[in-house]
């Protein structure tokens, strides 16, 4: 059984369904979702980790790093597509009041201003809850801005889709399991980790980046997060291109381990976009094997 | 007249009072506060920018960078000290119900569990609103967890102070004015800026860091923020040690301008902690002047 | 009047003739040649600076750096082509004894072994002197291995040419004048300099290289030379791609001046091979001008 | 039996005697000396490798790198002390003619000008040969400038010592053996190697230096040498602080092997000056072991 950050009808739910693993258990917070994995209540769980508009999802980044070690085993990319949904029989011209979440309202502001200039927009707790509310025959709201999954779940009718002002917004979700051996290498993998700087060490971030750059490993995401102790003390949440089973990645991680206060490995898993890494000169596994063989030869 | 991110009774209000500039106008959101500066409704405004527990304040970082150029002219550091406040006459042993904000509840969990094991803790919209509610004679809540300024504002009595589990939490606030010439150099300044990476350029962050490191300028904060366009496209919010009037900082900023898509200068201002920067070999203004004189001599 | 490192009949002489400036004065040593420029005995002088087989010419590198400042204004590349020259009327089959310089003997060893297996090879002071000796009717040597210019000078007959085992050897010569404004920029220039490390500073060479790399300036030659004081104290003789009039080169040189004990600028001049530099992102003069304009705008 | 670059009476001979290994066989050139090791004619041989005035000894650097692999097992530092030696019975005031080698003449120019202003100085093939010549009762030379060992060898009398103008000149010699396991680690070792750049790769030297810098390994000598193929194609002769048995050195060497065309290991051996390396954060063997254990744990 899988878990996910709920409730039902959210984008996370929609991403969960795209996994094709059947239904799953929603949890009310990211913390509760990840705890359910740590407690073995579920085998794995899906949580959002990064959004092209809002940035890294702090709750996920912080909760992945703290507590018993977890491991990302898969990622899902989902376009953030908002639609306008109403009870069956409602026409667009009849919509006078709309319920949605503040983020959704902000992201669809222009469309709403153009197509429903006179409607009152009310902001509530979540887009899924908005759909649920609108589905009540007695609701004082005519329509909800929500994900398609929420519209379908509550048997609403789609009055319009793709109504976000920036149509390219994407959210990235990760499927998180208890720590264990990572999935096998594919031709296109990503590795996620958290590196904790030694305190009070100005060049620390440069040193961290050089562990990767010096071995030709590209980073696709880096975010600073406070360590929750003193102001200006950071850790870095990093996605790097490649698999821990690649020699250059393994060496970069060991290099990080040596220069950092701590490193938390959060998994190597196939990239959803299947982009293959560019392997630098001297960066193939065979180059590492040859260098080791040369050293052994020199020492004997 | 100054503005600040309100309402009255918050830590931002308390930081505002520490400026000794008299009363000021609260605004309901960070966006509204900064807009009031841009609209010249207030001469300058105080907003939180960084918290040792929660990290950078996204709303502030994002709103400083977007829109007409603003400038930080001063910073304030404030310990995040929570106290327990009640209507006059209430003893600690009489407290059965406590109202506060979820962050405050989380940060004082252990103290509450130990000293008020039987009290019901209710989470509301803000610690300042909690104090206001508790101040009502008919309130169903006995006490509020809030800042001292809120307790005093609503004429509550302090039952306990320093009740946060992590007593070292600090929030950093900045006083923001319209763009203009920066304050004069002191012996201990900080420069804040946002650097936008060129898209799709793997070594970009390393290149950004090297502009500072190569000129001996230390960074005291660096945070990635999404540019709100495509997933994985970041800008970096940076605090660097020194003043734009220092030759090495000016050169680093011009170097950044050359290798980045864009750079937004957000001010050079005195550090609240008065720590002086370590000046590297060749990093004094006189070294820059001497190098220029040498070049001119060689070219003549 | 020009000078050159003689005597007549050497490769330096041949390179001098390729300048098309008419005859010139030979000097017996590199030191004497450069002193003649410093003493204004000649307007400029040609000396060898680098050889693809032997490396940098130490005497030239050291004498350029010490003493009154000089400036390279032009470079010449010359293939090192050896031929076998004899008195007119001598056939190859009649050659029993060959005179040449040890370097020339070494570089033509295979050809001599194959074509003159029974000849006695004698090593003397220079290939030019060998040609002069062979030109004497009473000489006990039948042929000389020397440059074409020496064969012609002494009216010898060429028995074979291109007899060096490695046919691609090239020597680079530089025309040196008193210090003054460098030649105008062409589209393809080179800048020569010497950088003196601060003593006892382990990362110094890395720091020197980063001044160039950080501004996208490539190096085409770097050689360490002892400073003649203590063991392990080095300076670096460097050729960089570009002209001191290029903004990125000017900045790199000023950066060097700041981090080094001393920098000696030895000239910016057109490359003999006319290869144009690759200009990095942000490396054009206009990028430097734009960065300066931006800084001025921010400060006003 | 050991060998050395002779003849008897040179500084190399003097350095050889300081090893306390008894007499040894002199060879006429550095090439012949190293060939004698390769041919097992001698068990090991002493050659000069670096001089604080003249720089790296090119013949040694080039001959160590080419041919069957050799290994440096020990180093010797020797002050270059010249003295004035004459046949017994000659007083300083009687010296009218002096024989020596051009380098020695150059290095003692000021002393000779002051103390023997009227003497004729003749430059010959070596200081040892000069001493031998002066020892002949019929010699037309009154004194030789040479090393003490040469004066003693030819039973000359010392008229003056320490007569070099720069009294701090030092020459470094290395004892070279056939390739094999390196000597055990001491607390203060040096590692010598040659790194061949990939052709036509501008940042190659920076990449080479970063392999060391990134692992906290300092370099005590780096010299560029042409690869004898095309102009501008270099290899680098390097001394690094530490032993190939140190984890950080082993990793740096393997890193070099991956990014270079070729690497020739020339030995790890105790430093003559017994200076201990500064070990950087994360640079101890135990840090490498811990990083490996962490990786193994993460992968299991």
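Order as written gives the chain letters A, B, C and D; numbering starts at 1 within each chain.
In the analysis below, contacts are C-beta pairs under 8 Å (C-beta built on N, C-alpha and C of every residue); 3 or more make two chains touch, one makes a residue touch a chain.
Please read these numbers as outputs of a predicted model, since none were measured by experiment.
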Would you mind naming the chains that touch subunit A and likewise touch subunit D? none
Are the interface residues of subunit A and subunit B largely the same numbers on each copy, more than half shared, or largely different? same
Dist(centroid_CA(subunit A), centroid_CA(subunit B)) in Å evaluates to 27
Let me have the rounded angstrom distance from the C-alpha centre of subunit B over to the C-alpha centre of subunit C, please. 59
Touching at least two other chains at once: which residues of subunit C meet that condition? 210
Chains that touch, pairwise: A-B, A-D, B-C, C-D
What part of subunit A is in contact with subunit B in the complex they form? 50-56, 58, 77, 166, 168, 170, 172, 202-203, 205-206, 209-210, 213, 218-226, 228-234
The subunit B residues in contact with subunit C across the complex are 181-182, 198, 210-211, 214, 244-245, 250, 253-255, 257-259, 263, 265, 281-283, 287-288, 290-292, 294-295, 298-300
